[in-house]
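What follows is a set of notes on a single structure, which appears directly below.
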Amino acid sequence: MILVPASEYAYLLPEIIVALLGVLLIVADLIWPAYDEATGRSKTWPAYLAIVGLIAAAVAVVPLASVSKTLFNGIIQIDPLAAFFKLLFLGIGVLVILMSVNAVPKFTRWTAEFYALMVWTILGSMLLASAAELFTIFLSLQLTSLPLIVLVGYAKRDPRSGEAALKYLLLVLVSTSVLLYGMSLIYGALGTSTLSEIGAALAREKTINPIVAMGLVLLLTGFAFKITAAPFHYWVPDAYEGAPTPVTAFMSVGSKFAGFALALRVIVAAEAVPLNWHLIFGVIAAISMTLGNLGAIRQKNIKRMLAYSGIAQAGYLLVGVAAFSSWGIASLLFYTLAYGAANLAAFAVVIIVANAIKSEQIADYAGLSKRNPLLALALTIGLLSLAGFPLMAGFMAKFYVFLSAAQAGLIWLVAIGVINSVISAYYYLRVAFVMYVSEGPAEPMKIDPQAALALCVAIAGVLFLGIIPQAAMVAAARAAASLFGG
Amino acid sequence: MQWLLAAMIVVPLVGGIALSLIPVSLSRFVRPAALVLSGAVLAASAWLWYSFDATAGGMQFELNLPWIPGLNTAFHLGVDGLALPMVFLTALLTVLAVVASRSIDDRVGQYFTLLLMLEAGLMGVFVSLDLILFYLFWEVVLIPMYFLISIWGGANRSYAALKFFIYTLAGSLAMLGGIIALYLATGAKTFDMLQIAQQSAVLPRSVQIAIFIAIAVGLAVKVPIFPLHTWLPDAHVEAPTAVSVLLAGVLLKMGSYGFMRLGPTLLPEGFKALLPLLAILAVISIVYGAAVALMQTDMKKIVAYSSISHMGYVMLGIAAGTTAGFLGAQVQMFSHGLIAGLLFLLVGTVYERTHTREISAFGGIAKVVPILAGTMVFAAFASLGLPGMSGFIGEFMVIVGAIQPYTVYAVIAAFAVILTVGYLLWMVRRVAFGPLNKDRADMKDLTLSEGLSMAPLCLLIVFVGVYPQALIGVMSTSVEALARLVGR
Amino acid sequence: MTNLPVLAIIVLAPVVGALLIMAFGRGQIAPKAIALVAGTVSLTTSLWVFAVYDRAAAGYQFVTSVPWIPSIGVSFTLGVDGISAPMLVLTSLILFTGVLVSWNVTERPREYFALLLLLVTGVFGVFAAVDAFLLFFSYEMAVLPMYLLIAIWGSTRKDYSAMKLTLFLFAGSAMLILVLVLTYWAVGANTFDMRIWASHSFGAVFQKWVFLLTLIGFGTLIPIFPLHTWSPDGHVAAPTAVSMLHAGVLLKIGAYGLIRLGLVMFPLGWADWRMALALIGVINVVYGAFCAMSQTDLKYVIGYSSVSHMGYVILGLAMGDRFALTGAVFQMFAHGIMTGLFFALIGFIYEQTHTRVIADITGLMRRTPLVAACFVIAGASSMGLPSTAGFVAELLVYVGLVIQSPWLAAAAFIGVVVTAAYVLRMLSRILLGEPSAAVAPIHDAPPLRFVPMAILAGTIMLVGILPASLYTIITGSVMPIVTKLAGG
């Protein structure tokens, strides 16, 4: 091993903060237990500690946003893209924890550990954003997946949670083995594991080495599981439905974006391979959009509906990948922001409603507009954004993605995307319709204040990105440019 | 004054949202507040009309703020002779719609929020000079419309609202595709309509046609042109009165306005190539709408189908591509806004009193409600194009414009008036005249506020009908410039 | 001449009257008084125009022109020639007397008189128009008041008749719109000025088909067989003054329009269709007379007699020589006065006896000698007896007919015989014998009611005895048309 200068660790300060945060949470819980045996109630300080820690990490990321540097002999890449994703994951983490402050004690007494696991899975995601070497990627991926398995099964009293955890475990095993197999093939064929060298080697070769091609396909299959792209999406609805809602909220955005964070670097490395990446990703995108949207139409449980909608949204994200240009990636990054804000807004409402009426059925949302008009309005804004309506982030995101796809000549993909938008409007609107039109109980609903705060932040994000998207677009473009060595 | 247009969008939007925050206990103040807001917009649009320089070509009251510089899209607003009448129409009909919403008692604040949001969206569509902004407002209109129908609508509102939503959304997404294609195809990489207009003429004809087809689909759904019209009758029948007024009065005009605004300037060759097809579809819309209206027994359905027929005249005028045709289309748009607004107000008041719109449930009401019946007769004659009222001027000019390029269609369009006369007189005869239906013996005549909401429309219908130059003078410079681009 | 826009005074006096009535016409007397003043203004002004019209110069005089819709070349141009001047006099006479005979209308007098004045405005507009658009505009404008007057104040099957009338008229006007638009296009001078149109020579094929459209469009109004069925129904259903206007003036618009737009513009088209027209004329004369013969309702008798008498006008137009054409215009005037008188008389009888069935009315001579005398004068004119206006008119038409086509003259003469038969039969039934139960209690017309009858009867006699003034003014303007028709 070659020794590395200690100064390079400074660039990993955010990750270090997050890692210590997890440890701190567990240690602190040992000293000052969050669960009060006497009253049977949980204190909320671990959540706030986690939030403060994550914000501190985010502050530490900011100076790195304009730095491009390769650390540890090419294992870790610090660049605007990595910073973009890290901020995204930290932001998602803060919002998800904020909205779970009151939800978590409902299904477990071990709250501090819950947040610690959450923090570690965020850590894994952050590392993924910087990982530039196959085995680092693998380790980071495991770091995101393993805490999630536990989190999915955290609601021990709910059999659905256990079932979901088991399914997720199997998924992680399958995808990990596929990924590992792909990595070993590539390493075997090219003799290197850093992405930059893989890219250089592939660029030299001109022809396709079947082993490398096989390896790449397996690698991408592993990512497809992670980002819930079709045809590897079948696990998603069950896992989302069964997992505790805060965990679902995190998975629906955080874990999905983590998949993209790593996929992007691999794809850029594989750019030189003479395969029609436009077509491959375009087809995956089209299938994901279509299957996701068609699946969502029939759903009665809102979490399942959001699960299917997430599959479709992954398809839209992939449209940006399919464009395979700096612009396409920028649009994808912008889409992650928009989708993250809108989806978290929707989940915040789901959590608030579930806390109040103990139901996740869409039919039980009847009359919500009378029970709490602002809550109904917020969910409507979130869903309309997901459907891609103007004045909301979703419109700008879809528009940006379509624009980049059209520029790459993928007119057919734009057409499919457009048709899918119409389908998706149908089921998103159905929820709005139930809230506003269907007759339901009229007594006011109790609002969980922390989740409401998270909701406000998410809605503000949705509107901000929808009306004044300039700053976010510039950031996304910078991050995307850094990926292409700009 | 460059901020005036922006204010006309922002005031109803922000003010409208503020209305939804008024507590339920004070909900009786909501409608007056909405009236003040929409009245302010109307006053602004009247001032706009007054200070508009009809002889100058090009855009006036322009406002151009950078919005997303990365995409070269800007918050670019302006009015010309094409937009000004539509802006005024929107402002006027919104005020009347607010007045006509007196029977709303469920979630009053939200209702008026949506109504004013609708106004803001409509205004935005008519004054946008940036394609993305145009599309944005285009879609913004959809949301309040959906909720207005699905919350305050009739029995079958869920189906109608959804159908409206899905149809128009599908159309507008096609339009979005066209806009993106246009952006990429022109070298300028800008969404500014005025800048694209200077560049797109050099695009190959086939590209222009392809792009314009995509845009035209979105516009055609809104107009609506046969065979994309099926959402309209459902939406109208279920929508509350005030919403029907805005739907028929202004919303449909978004489509035809879009054809005029986007076609000749941005894609002249594509526009020209599609004109023959538009002309055929327009004539089919005219005849089909009128023929179906003839078979209806629900008054609101009759008026709804008549809208399809009347918008067919607008499209025929546009398809003619001549100055007279364009002017006729514009006059007809304005006039149909007034007339359809009036008819829906009338049907609404009748429904409010009797809770039925079936023609057979009426008869001889002229005896008990002479003013209401009289206004209905007036509106019917205005609708069937009686000279002295605005509808005649529009239809006549459309036929004048269309006779040269499409002689046969113009002939058919002229004869379709007979069908129009048929269904409207049939309705009026069965409702207003004949033996009095016993159930209607105690019907109440128009109240003062109802009368006040209809009077401006009646006056304007006659004013435009007798002195159309007041309207034509404002738009002729802009329209002539457009017609020159088509070069027919 | 004079700088005073006298024609505008004639046309606008009724509008002003109508507006004043709507504004101030409370109670029973005010509307009638205002209408009478308006009628007087129009009558005196049109008599003055008739008197000072320069018969030697002929052509359009008193021309005033204001731009109206410059974009398509429409202008508000008024003017009279020797054909329209008598029509203006006729119209204002009928209006004046119509207001007087309506003095007993008690149901909504305000609306009634306002509509009556509006109706007359339209008619004046037709006769004073030099702009073809204005002519058509005015004609159609008259339809709505007509519809309402019949539907509200009418009798027997009024709503059915009103609707039928409107449908027929609109069907006709659909053709006329096409005539206007096609001609406008063919002239290509961006104008609707009929003087410019007349100086344009149209292609033979164009003339053939556009003349046919004109013939059907205006023919519906004349009415020509077989498009006449709306007319008797309309007469019967209408209130008295409206019947007077309807039969006395409105039918003349058809013939007038056919001369103005048909004969003047399309002499070749006229030549193509003149034999068909002549045949229709004969059928009108004979068929109308036979139908009148078989009627039992007084109003139906006069209704069908109008069909018959208008047949002479058609024959005159078909012959197109100096005598026949002058005779046709003469007949338009004579028939207008005569049929107006008939309806005024019948209206009075009906008001008193509440019946119009011939069998129920006998012995009027005993009870109401003045009315009976007027009946005799009207009947004499109807039969075409010398010293009445009808005689001069029919004589002129027959002169032209015999010169050109003795066979047609012979055929049409059957009509004269039948007319004599039914008029004599009717007069003898209702005037002679002992007063029937219905007639017994009534009294002769009071002065106020007798004045209009006397004016009309006096006019019939005056024109019959001293036809020269009317004859010269008509011939002066007919001659250029005759020359043109003869191929000059």
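Observations on the model:
As written, the chain order gives the labels A, B and C, with residue 1 at the start of each chain.
To be clear about the criterion, a residue touches a chain if its C-beta (ideal position, glycine included) is under 8 Å from a C-beta of that chain, and two chains touch if they have at least 3 such contacts.
Given the structure is predicted, the values throughout are model-derived calculations rather than measurements.
Ranking all chains by how far their C-alpha centres lie from the centre of subunit A, first place goes to C.
With centres computed from CA atoms alone, B is the chain lying nearest the middle of all the protein shown.
Averaged Cα coordinates give subunit A a centre that lies 43 Å from the centre of subunit B. If you average the CA atoms of subunit A and of subunit C, the two centres end up 84 Å from each other. Centres computed as Cα averages put subunit B at a distance of 42 Å from subunit C. By the touch criterion given at the top, residues 369-370, 373, 384, 389-391, 395, 399-400, 402-403, 406-407, 411, 414-415, 418-419, 421-422, 425-426, 429, 432-433, 436-437, 468-470, 473-474, 477 of subunit A touch subunit B in their complex. Remark: subunit B residues 20, 67-71, 107, 110, 132, 135-140, 142-143, 146-147, 150-151, 157-158, 161-162, 165-166, 169-170, 173-174, 176-177, 180-181, 183-184 touch subunit A in the complex. Across the interface of their complex, subunit C is touched by residues 323-324, 327, 366, 370, 374, 377-378, 381, 384, 386-388, 392-393, 396-397, 399-400, 403-404, 407, 410-411, 414-415, 417-418, 421-422, 425-426, 429, 432-434, 467-469, 472, 476 of subunit B.
Across the interface of their complex, subunit B is touched by residues 67-72, 108, 111, 133, 136-141, 143-144, 147-148, 151-152, 158-160, 162-163, 166-167, 170-171, 173-175, 177-178, 180-182, 184-185 of subunit C.
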